[in-house]
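In what comes next, chain A is part of two complexes: it sits with chain B in the first one and with chain C in the second one.
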Partner chain A sequence: MGLPSRTERTTGGRAVRASRAARLETFQKYLFVVPALALFATFVLLPLASALYYSFTVWEGLGTPAWVGLRNYVRAWNDSIHVRSYLNVAVYIAGTLVVEVAFGLLVAVLLASDRRGFGFMRGLFFSPMVLSMVAAGLLWTYVYDYRRGLLNEGLRAAGLGEWAHPWLSDGGTAMLAVIIVSGWKYAGFYMIIFLAALRRIPVSLYEAAMLDGASPLQRLWHVTLPLLRETGVVAVLLCVTGGFAAFDLFFTMTNGGPFNATEIPTTWIVKQAFDRHNMGYGAALTIVMTAVVGVVSLVYLLATRRRHAVEY
Partner chain B sequence: MSTSALPRARGFPLGTVLHYWVGVTVVVGMAFPLVWMLYSGFKTNQEIANTPIALPSVWNWHHFVEAWQLGNLGRLYLNSLLVTGVSVTALVMIASLAAYAFARLRFRGRDELFYLLLIGLLLPAQVVIIPLFFLLRDLQLLNTYWALILPYTSWPLALTIYLLRSYYLTLERELEDAARIDGASLFQTYAFVMFPLVRPALATVVILNLVNLWNELLFAMLFIQDERLRTLPAGLLAFSGYYLVDYRLVFAALSITTVPILVLYFVFQRHVIAGLTTGALD
Partner chain C sequence: MRVNLRSPLRRLLAVLVAALVLGAVAAQVEISIAHTMTGGAHRVTFDEIIEAFHEAHPNIRIRQIPQDMEIYQDTGLIAMLQSNDPPDIWFQWGGDLVRRDAELGFALDLTDYLAEDGWGDTFLDASWSEGTGTMVGDRIFMMPYAFDVTTVLWYNTEIFAEHDLDEPETWDEFLDIVRTLRAAGVTPIILGNQQFWPLGNWAGHITARVVGMDLFDRVLSLEEPFSQPAFEEAFERFAELAEAHAFNRDLAGLGASESMTAFFQGAGAMHPIGSWLISNALTTAPDGFEYDAFNTPIIAGGAGDPQSIIGLATGFEVSARSEHVDEAITFLRYFTSFDNQVAWAEAGRFSPIEGAMAAADIDEHNKALADLFLDANELVPPPDTGYPVEIADIFYQGAALVAGGLRSPTEALAWIDEQLAPLR
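Presenting the complex of A and B:
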């Protein structure tokens, strides 16, 4: 790897000049990475280290943080809303696995066609991906509006008026409502990555299956799905880690409400830090979250690595 | 796109009809909220309250002018353009330099530094909001464009370098060697030979970061409280807070902030899809 440094091989009187040139070049090589590393160290690593430090302190943002050892972590463990936020985010992630990954896969299979118009449909299905979560969240807040919302009005028009419901302000349905929006926004992403995997499957496999008399459903189950496994593993990982990092949609639509029914770790952290000025406690919660995401990803990667990928 | 590997329903008209029917149903169901948003901005609040789904009886274009002026949306657009433009340009320049070095140059500590950088791939940005807030406060950068430009340039570095590095690794070595033999310096070789070759990958990471940073909310709302400096997502959220029950205005503002993005998306669809799914596909 790397450029062969010809200068080192020169001999005789030119050696001194050559070694000076070599040193200059070594210096130049570091110049390539210095800007990136400086920014990364200042705005990513340094804050990460500070977060760890703050997590052992009580601090309201002014003056000096007071060291309290592990007290914030004990508090986090006993904070019932904090614990609940993890249950909530687990429900959210489970839901998004269905409405983003599974539904995305379904739509990929459905829209993977060269028939006229299907390219356009795929493009349309992907389009919410480019919108901001704020725009998506606001739009759907109005879709779910009790009196003026598209959903309830649609139900009334279909004669299902008694199903009309204050979707976001009822703790029983708020999480589901947010999950649906998440699916609306992201299913297109998973559709595309499954579509790419579908297109890599050789046609010969389907021809062989058809010769053996496999029905379309059998072909889907025995040929397509096993060959999508690797993509599925990546998709699930992205969905799970993305789920922990969710914030914008919840902040825009419910901000954790009603009565913490949609409180997730990120909304709770922002409330602790920026509404209640519990910086030390908030920092501890961020460290907990980092650890949880890290452990979950690691366990998942180890668990899925065992089984061998299908060769084709 | 290229020919599908999926089995086709063999000349079965019923299958074809069914296929279209299901596909169109899913896509229309998904797109309808956006269409509803679009025409609701033209309706009066009374119409929205009485007949939420109906088309407007009169197309009130002035709602859009009102929303534009009340929300100072032009200013929000300019702020977003400035912050995202500067961040993405700086980010991609810096990332490409580093990616090239990590891929092609040999120096002590190269791999260790690269692995250190990869930590950034795993971290959700929420992890640092508290210390980052105080860092920016101590640097007296809160409520300036820098409060967003600096984190926006730094946070996506890990992923961007990672993606560009894999692209640099695929390039042929001959051109680079030829330039060196002709006496080009390291930097000249990079700038005039390698950087132009990496353009396709560059387009991809530019789009990825452009979309992500344009839509970023958390940093934007925490680090900038000055209304005149807000970016679109934070400004739109504030606007919807002020005019919560003035439905027509919120619908109009939503349309103003989303339609141009959607139009751009449909024009550059292929590139945008490639950009947003890069990384998940390799």
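Presenting the complex of A and C:
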């Protein structure tokens, strides 16, 4: 076998240089990603892996965890309060879809005008958003208080003292009471999201609809709502995932009570992990919840993917 | 006056003074104490004792780490104990938590320290038993600083007088009082049971009275099921309370401290809670509020001691990892000295030091509770400190379901067994 010719050497050299440059470029790309990956691994993957490990153990937060395999997951499956907490959160999410998203949409449509005073009203609707959830929860706990609460005192003052009720102490009314506060807090947030989307709809579409003789209701149904579909998908996703992550409002207002009537997965996890010092079981419940939220989000996104998105 | 530091002699002097000050600061040992005293008369006294200790021992500084009780119990103490710098001394409830701290090697064995110079002999005999929760086996792991009766029935004397009622001796007399008050439109018992332990503690006492301490201990230790006739008999007492509409309508959703405030405001005639009501009454009750207490009435046919009380010792543990054990012990000895304990008793706590309660100028209620504690033949441990908290929590919730009229005794006991099945 003879030596390569000059041409071959030159071509080979170029190929080697090109290959090196490509490798360097690839390396540089990864180098830029490393900090983000390191942060993600440290603050997301590592805790998740750690929770996964503890979910297979019995551990009270002190001492050495004892490996118990799938026992915590079997327990979670058979835990009637845990199962009930998912039904409760489903009710809560259904309620918040109405009082947050639907009501937010309604308010956005009604207040999407530059007429005098409408900006102030939008500000009023949005203002509860600036409060922390804990502050809102405490505030409303006083409103619902059986003895001195604003609601019952109002009823008594109006001569309807018989209607005064321990709203947060009765399993029949506690969840509704929490849902109302959630709506009060977040309807303004969804209103702003929908308002932003409404402002992007060209006026010409409404003018064309009017020329075609469409009534205000028909314009809403055939122009506004279809063009808000994508925003609605995002709003519902936010509401559903936010519903699963709800904790502080329940913690401050009912702490899952009375008798688990407002127990949701997060309050049950906290009770197991911190009140009862069942860190292992609490970790297993966390993994279950992560999986449930992941699956629900995925199914929802697949079901609502942009097949017929309207371009405008 | 301006100090002239230009003179070499004065400069030398200044350097020497600075070195001395720095040296003194460096030689000072800091002791950290984690506890739950966030307010009240006893916190004021504790601060004063520490202040006096600083003067008496200038080489030791005490750093307090106060935390809200529930945060401390749920996560606060565990986080501190697991840290690289655990507190040298921490507050603990006697019983299962002392056992845990001892078994995991967090708490120092105090037996030999208490044996020195007769320090341990200055405490009441009741201090050193597994019943009060200070010991594990024959070793002492917690130095008690107070005894607490965790449930007696406090009552508003004005309401009782208004309805011509006397303290009941028996359970039947107690139910009569409940019915009389309810018929008169008064809430007989006001309680905030959002977190289950306020009613649960009382339920533990009633149950121990009915089933007897041995069976109570075996069942709470999960050696036997809850669903058995003796426990049904005990839970029937809660059903009787539910039938008599004994409790406030917002029982299930009201917080413990809110219900105490409501009791002070006259929202109910009776309030079953522990001895800490006294120090709260000093700061929260309106002027002229008159109250008294009686122990859980005698339950006819009960297998337990009819005069038993429910309570425990609370106190301080010393870290087995502390680098300043001697200084920590010095502080604890100072804190439990007779004079300081007299002041401690006057602040509303039941001092475990022999003679301190008698010497103190204390509230009549405190004295009555101290007598109740010392005269009792049997001490029932509160389930949430005497047993693993998960078992207690489920037991409490079962009792609350009956007292709330939501389940029958049989159903509630079956529910408890179902919830506890994974722990057996």
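To be clear about the criterion, the second predicted complex is superposed on the first by the 259 of 312 C-alpha atoms of A that agree within 3 Å, B and C clash if a C-alpha of one lies under 4 Å from a C-alpha of the other, contacts with A are read in each partner's own complex, and residues count from 1 in each chain.
The definition used in the following text is that a contact is a pair of C-beta atoms (placed from the backbone, for glycine too) under 8 Å apart; a residue touches a chain by one contact, two chains touch by 3 or more.
Bear in mind the structure is a predicted one, so any value in this text is a computation, not a measurement.
Participant: Who touches more of chain A, chain B or chain C?
Facilitator: Tallying touched residues of chain A, the top partner is B.
Participant: One more residue to check, A:P216. First (chain B), second (chain C), both or neither?
Facilitator: first
Participant: Tell me which partner A:S169 touches in the superposition: chain B (first), chain C (second), both or neither.
Facilitator: After superposition on chain A, A:S169 lies in contact with chain C alone.
Participant: Which partner does A:A22 reach: the first (chain B), the second (chain C), both, or neither?
Facilitator: neither
Participant: So, A:L155: does it touch chain B (first), chain C (second), both, or neither?
Facilitator: In the superposed model, A:L155 contacts neither chain B nor chain C.
Participant: Give one of first, second, both or neither to describe whether A:S80 is in contact with chain B, with chain C, with both, or with none.
Facilitator: In the superposition, A:S80 contacts chain C only.
Participant: Have a look at where A:V292 lands relative to chain B and chain C in the superposition and call it first, second, both or neither.
Facilitator: neither
Participant: Touch check for A:V143: first (chain B), second (chain C), both, or neither?
Facilitator: In the superposed model, A:V143 contacts chain B only, not chain C.
Participant: Figure out whether A:A90 sits in contact with chain B (first) or chain C (second), or with both, or with neither.
Facilitator: neither
Participant: Let me test your reading of the model: by the given contact rule, A:G117 touches which partner, first (chain B), second (chain C), both or neither?
Facilitator: first
Participant: Could you give the residue numbers on chain A that contact chain B in one complex and chain C in the other?
Facilitator: In chain A, positions 61, 147, 274 sit in both the chain B and chain C interfaces.
Participant: Quick one: which bits of chain B touch chain A in the complex? Just the residue numbers, please.
Facilitator: Within the complex, chain B touches chain A at residues 1-9, 16, 19-20, 22-24, 26-27, 30-34, 36-37, 40, 48-49, 52-53, 94-95, 97-98, 100-102, 104-107, 113, 116-117, 119-120, 122-135, 150-151, 153-155, 157-158, 161, 176-177, 180, 185-187, 190, 211, 214-215, 217-218, 222, 232-234, 236-237, 240, 247, 250-251, 254, 257-258, 261-262, 264-266, 269, 272-273, 276-277, 280-281.
Participant: Across the complex, what residues on chain C touch chain A?
Facilitator: 74-75, 78, 81-82, 100, 104, 106, 194-195, 248-254, 262, 267, 389-390, 393, 397, 400-401, 404, 406, 418-419, 421-422
Participant: Give every residue of chain A touching chain B within the complex, in rising order.
Facilitator: Chain A reaches chain B through residues 1-3, 25-26, 28-30, 32-33, 35-37, 39-40, 42-48, 50-51, 54, 61, 107, 109-115, 117-119, 121, 123-135, 138-140, 142-143, 147-150, 153-154, 157, 184, 189, 192-193, 196, 198-203, 206, 210, 216, 219, 224, 234-235, 238, 241, 244-245, 247-248, 251-252, 266, 269-270, 273-274, 279, 282-283, 286-287, 289-290, 293-294, 297.
Participant: Where on chain A does chain C make contact in their complex?
Facilitator: By the definition above, chain A touches chain C via 60-63, 71, 75, 78-81, 146-147, 166, 168-171, 174, 254-255, 257-259, 274-278.
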